[in-house]
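Listed after this line are the structures, all set down as structure tokens.
In the two complexes that follow, chain A is the common piece, with chain B as its partner first and chain C second.
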Partner chain A sequence: MLAYYLALGLRHLRQSPILTGLIVVTLAVGVAASMSTLTVLRAMSGDPIPEKSDRLFTPNLDNRPDDGSSRDPRPPEMLTYRDAVALKNAKPGLRKSSVMRISPVIAPSRTDVKPFFGDGISVHADFFKMMDVPFVQGGPWSEADDARGNHVVVLRESMAEKLFGDAEPVGKTLHLDTYDATVTGVVSDAWEPVPRFYRLVSGPPPFRGVEDLFIPWSTAIANEMQPQGNVNCFTDPAPDAPPGYEGLKQSECIWVQFWVELASASDAPAYRDFLDGYVAEQRKLGRFPLPTNNKLFDVQGWLDVNKIVSKDTRLQTYLAFGFLLVCLVNCIGLLLAKFTARSGEIGVRRALGAPRRAIFKQYLVESGVVGLVGGAAGLGLTFASLWFLRKQSDEFAVLAKMDWMMLAITLVVAVVASLLAGILPTWRACQVQPALQLKSQ
Partner chain B sequence: MEIQPILLTLRRSKTGAILVAAQVALTLAIICNALFVVKARIATIDRPSGVAEDEVFQIQYAAAGVIEDRKGMQQADLAALRAIPGVEAVAAVNSFPVSSSGWGMGVTLDGKPGSEIPTGVYFSGESFVNAMGLKLIAGRDFQAGDVREVDDRTDARVQADVVILSGRLARKLFGDEQKAIGKTVYQGSGKEAQQMRVIGVVDTLLSSSAPAIDDYAQSTFIWPIRYLGATAHYAVRAEPSQRARVMKDAEKALSALRPDRVLINLHDMGEIKYRRYRHERAGANMLIAVTIGLLLVTASGIVGVASLWVSQRRKQIGVRRALGARRRDIVRYFVTENLLITTAGVAAGIALAIGLNLFLVSKLELAKLPIPYLVGGMVAVWALGLASVIGPAWRAASVPPAIATRTA
Partner chain C sequence: MLVMKKLSKVYRTENIETHALRGFDIHVREGEFVAVTGPSGSGKTTFLNIAGLLEDFTSGEYHLDGQDVRGLGDVARSRLRNEKIGFIFQSFNLIPDLNLFHNVDVPLRYRGMSRGERRERIEASLAQVGLASRMKHYPAELSGGQQQRVAIARALAGGPRLLLADEPTGNLDSQMARSVLELLEEINSRGTTILMVTHDPELAARANRNVHIIDGQVSDLVHEPVLRAAAAPATATP
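Up next is the complex of A and B:
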């Protein structure tokens, strides 16, 4: 019987085409508006590294001066160079890496490409394993390279192609700022964690840009590469402080993001204790004048505290769902009109013995069919509006991408919405009095 | 008036009326709030930067090697830029208003910790005021004797003795821009605070980050500092009609000067503003699209329900016409009926709009909805209801009286 109702529902789509068209368009527009905003919201609030986001931590230490200027209860969002080095060299933590954004001049050996500024980060060798970075060729540099500050580099796939064309990049050299670096590996273009949690607080916005190259932390420091992004100094340099890069390294300025991977999430308290102990040690040397105020954030905590999902996006999502609600109310009215027009037909069926239940089923199935068609149209519109959004800005280009999950949600939302919209008109259709309808014919 | 019979009829076909009223209410609630947000975004996008926006452009090179003679480079660049016909003023700058990348510092009135005002900082060895086309509203511009030289390789601190404040910062500190002149303010607080004397105030000067919160965006100051950094960053002011040509000439001239650097920015002020406010613009466009979609959907809903009623009531309309009702009586009937329903919807909609606004205020720190938006929304929804019902009402009026005699 259900199959028959489905067939009937499909057939009735063609009956009163204007009304049906209106229902389908209304539903499609509502679904598209709400689903495209939801897609963006979901991408923004997604987990960038689901397998281990509860085991990756970033520590914040409060090294601000005790002069009453530090009103923000949150400690600074990055580390000083000294603390980053100390935490890297300390024992606790399975893997550890500093992160600093850099922008060295890349002078390719190819003569047809002019020198240009690359976007990259300098990290420790641990970074690649910590972040599950997939390689298409070669691999990360070694810890020995880290220790010696060797001139090695890991490239992103698209950058390797730009620099070396079809040639095998691993083992080749390219000129960076002031030295020649050897390529040890090529990272897949598919590596695109959203948001870029590992360099969240400094540099480009969290949903924009990719790293074209990775170089060892110690190499960047030895070559005095400038950090690209914020350098926050809560304390002005001492009168006898050296100028330039050496001064920056010795200062209380924060400019290093630091990540540590623990063996399990339950090791976090122990690592917190370790941090508190480290700060207590340093306090004896005259640093950290404020009471101990260390924070250790896991990935989700870090995204939350930095308020990654913009208020605008939330606002748009709320309003888009309000829009869907209006579309639904509208569909109820239109379905009511469509079903009322068929009172005569219902009267005949009822007179011939159809129970109310059968009528209910038939018309609910019909609403569902309209919902499916509206959902399919809405899906098309959603793809169109996401495509349009991707053209708007680099951020949307990363965020406005449909995945299977969203595809399924969209269809479910459309069908559930149309079923909800169909309940009242269907119920009204069941109330048709057979005698009255037959008489008025 | 025929309100009584309309109400009686409505009582018999409640569902349609309630649906239309609900739709009107939701639409009103959403468009009031959406348009309010759009207005705020547009106000942010349109606010003046203080810079002569038709005349100024930015040109910036980054070093592709080690540049030793930074002062020499800067002077050669400035001379080359000044030599271009059509150039009115040039300055080497540390950052550019609204360009999303710049310097920030804290300013205090007394140097005591705890009251620092976050402030955007500009400096130049030339006249920043002249090169940007800013309007000086009190005091004087810097003179050659005020200028200090800072090289980031040898000087750990950046500081100057005199300062020009933005109008907003001057008013925030002293209440009035004239009163600020000659007064002392501090950069920073505590033992590192450095004293400086206010010698001038400019009308408006947005910070480089130009955040949506106007108070942060408007607090800025200018220092007379020739900063010798690795990048070469210049503001150039030219005749509006010649700017495009001057930009091309400037790139040619500076690129020819030395090969060891790369052009990273060449934008006129219009482009800079366009890039900075892209996000605000996308948000506003999205909300406008939602508003238009809502109005269309609601209009189609009203047309749908009204048409349904007209077709259901053909017979009654025929009878009324046969008994002497004129066409315009019929039109008036449907219009009045629609007006009643819309008004009920508007009443509920105002409550909903305020509720939605309160929700947004608490969740997203939105401002409270001003009354004119509610009134405007009401008028819009009423007009929409009237416009949508005219068509079906007209069709109702053209039902021939003879219908009354045809069927049983």
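Up next is the complex of A and C:
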């Protein structure tokens, strides 16, 4: 009977076209408004690396001085150079990488491209596997390159094309700041985790910008590349501290973001214990004067604590769904009018043997068919509004994108909404007294 | 076929009780063609609605084809309606946005028949009323008489034991009315029991039996000579 009800639903779309059109438009507008904002919210609050977000952790160690200068209960969001090196060299953790934003001068070999500042990060070789970075050519550098601080570089696909045109980039050299680096691999342009959780602290917004290049952490340090972003120092340098970059490395200044991949989420408590032990050891050396206040965040925890999704965004989404509710109430009224006009038909069907539940199913399916059409129209409007949003800013250009999941959600929301809106009119349709209708026709 | 004993139907509002039927007794045998007459408001349509299980009754007994219908739920009543009863209404009550084929298909859909069996029955019943060639037409494309024939085809498609007709010729001119009546007689001759409400003495006279309802009570007029006599010249007119 479902096929019969569907056929009737489709047939009745043509009946009273103005009323049907109004229902479809009302539903479509409500769906488009709510789905557009939900798409943005979902992109903002989505899991950027769902396969392993519960196994990737970033540690925060509280190395602030005990001088009452800061009452913030949260420890600093980055690590000192010394701590980053120590955690990298320590045994716990499956894979580990420091992350430091850099902006070296890139001098292309092509004469038609002038030197420019590139946006990149210096990381350890582990980073690429930790973050599941897809390569279109070549691959990451080796751990030996890490250890020796070799002059190697990984480029983003679009940057490789800019620098080398159609030529094969892997194996070619690229002049960075003061040295020539050999290209080992090219990362796909498709790799754009949203948000950029691995470099969330300081620098560009979490939903904007991509890394043009990646160089080994040790190479960046050896070449004294300046960290791009915040360098927070809680104490003055020691009187006997060396000047310049070496002084920065030995200071209590924090400027390194650090990520560790554990074999499983259940290893997190053990890693916390390791961090506490590390801090206790360092305290014996005169560091970490405050009581132990280490934090270990997985990806979702890190996004939450950094309040990636603003209250405004959530409020907009709530308002949009409120608007959808208003549209639904209107749809209920319109469906009531549509179904009431067919009381005579309902009476005939009841007289000819349709039980109430058959009428209920028929009219609920008809509501669903209207919902599907409204959903399709709503989908079109959603695409249009997302296109409009993408034109507004670079940030929206990243966030306002429809994926298959959102497409499915949009249609499901439209159909469920129309079914909900159809329940009352359908119930009313079932209450039609056939005897009254048949005589009054 | 249809037995009602001491049946009553009371419509209640806040202040008023209206007795549409009271102490209503009737026994319609299988194969009878019964004309139900009576003044407006006498309870004819209420009787027909109760007989067709479209309305419940207040007290008394009603057996349809040997089955006590009191206390039956909506699904059981709907199944009985679908399987045993065919309806013909004064205003035809065809569904305007379905063509003839699909209009006749409606009761068969609720019986859960296969597509092939439905098609067979629809074509046969439309052929029986002489409209087999117009099954793709919509009701609005037909005359009143033709629409009533479609309604009869729809009622017949399910092979009902009892046909309930409420003023089936009330909206038709005399020629069309005669043609519809002849069709009903033909159906009755094949064994289908017919209960027909009418105001028209000529039509009533052509039934096997007349039942007159006054103030919600029945008076059987099977041997009423006046109606018989009045009907005689009319039947002779071509």
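The working rule: the second predicted complex is superposed on the first by the 413 of 441 C-alpha atoms of A that agree within 3 Å, B and C clash if a C-alpha of one lies under 4 Å from a C-alpha of the other, contacts with A are read in each partner's own complex, and residues count from 1 in each chain.
Everything that follows uses one rule, which is that a residue touches a chain if its C-beta (ideal position, glycine included) is under 8 Å from a C-beta of that chain, and two chains touch if they have at least 3 such contacts.
In this text, all values refer to a predicted model and were calculated from it rather than measured experimentally.
**Q** Now for A:58: first (chain B), second (chain C), both, or neither, which partner does it touch?
**A** In the superposed model, A:58 contacts neither chain B nor chain C.
**Q** On the superposed three-chain arrangement, identify whether chain B or chain C touches more chain A residues.
**A** B
**Q** Once the shared chain is lined up, is A:332 touching chain B (first), chain C (second), both, or neither of them?
**A** first
**Q** Could you tell me if A:318 is touching chain B, chain C, both of them or neither one (first, second, both, neither)?
**A** Only chain B is touched by A:318; chain C is not.
**Q** Quick one: classify A:20 as touching chain B (first), chain C (second), both or neither.
**A** After superposition on chain A, A:20 lies in contact with neither partner.
**Q** Now for A:418: first (chain B), second (chain C), both, or neither, which partner does it touch?
**A** A:418 sits against neither chain B nor chain C.
**Q** Considering only touches as defined above, state whether A:33 meets chain B (first), chain C (second), both or neither.
**A** first
**Q** Which of the two partners, first being chain B and second being chain C, lies in contact with A:257: first, second, both, or neither?
**A** neither
**Q** Going by the contact rule set out at the top, does A:247 touch chain B (first), chain C (second), both, or neither?
**A** first
**Q** One more residue to check, A:219. First (chain B), second (chain C), both or neither?
**A** After superposition on chain A, A:219 lies in contact with neither partner.
**Q** Could you pull out which residues of chain A sit against chain B in one structure and against chain C in the other?
**A** The overlap between the chain B and chain C interfaces on chain A is empty, containing no residue.
**Q** Going by the contact rule at the top, pick out the chain A residues touching chain B in the complex.
**A** 19, 22, 26, 29-30, 33, 37, 65, 67-69, 71, 105, 107, 115-117, 177-178, 226, 235-237, 241-244, 247, 311-312, 314-316, 318-320, 322-323, 325-327, 329-330, 332-334, 336-337, 340-341, 389, 392-393, 395-396, 424, 428, 440
**Q** Chain A touches which residues of chain B in the complex?
**A** 15-16, 19-20, 22-23, 26-27, 29-30, 33-34, 37, 62, 64-66, 106, 112-114, 116, 152-157, 188-192, 230, 262, 264, 278-279, 282-283, 286-287, 289-290, 293-294, 297-298, 300-301, 304-305, 307-308, 311-312, 356, 359-360, 363-366, 408
**Q** Which residues of chain C touch chain A once you look at their complex with the stated criterion?
**A** Residues of chain C touching chain A: 45, 49, 52, 54-55, 74-75, 78-79, 81-83, 87, 89, 91, 93-95, 97-98, 106-107, 109-112, 154, 158, 166.
**Q** Can you tell me which positions in chain A touch chain C when the two form their complex?
**A** Contact set of chain A toward chain C: 1, 4, 11-12, 14-15, 344-345, 347-358, 433-435, 438-439, 441.
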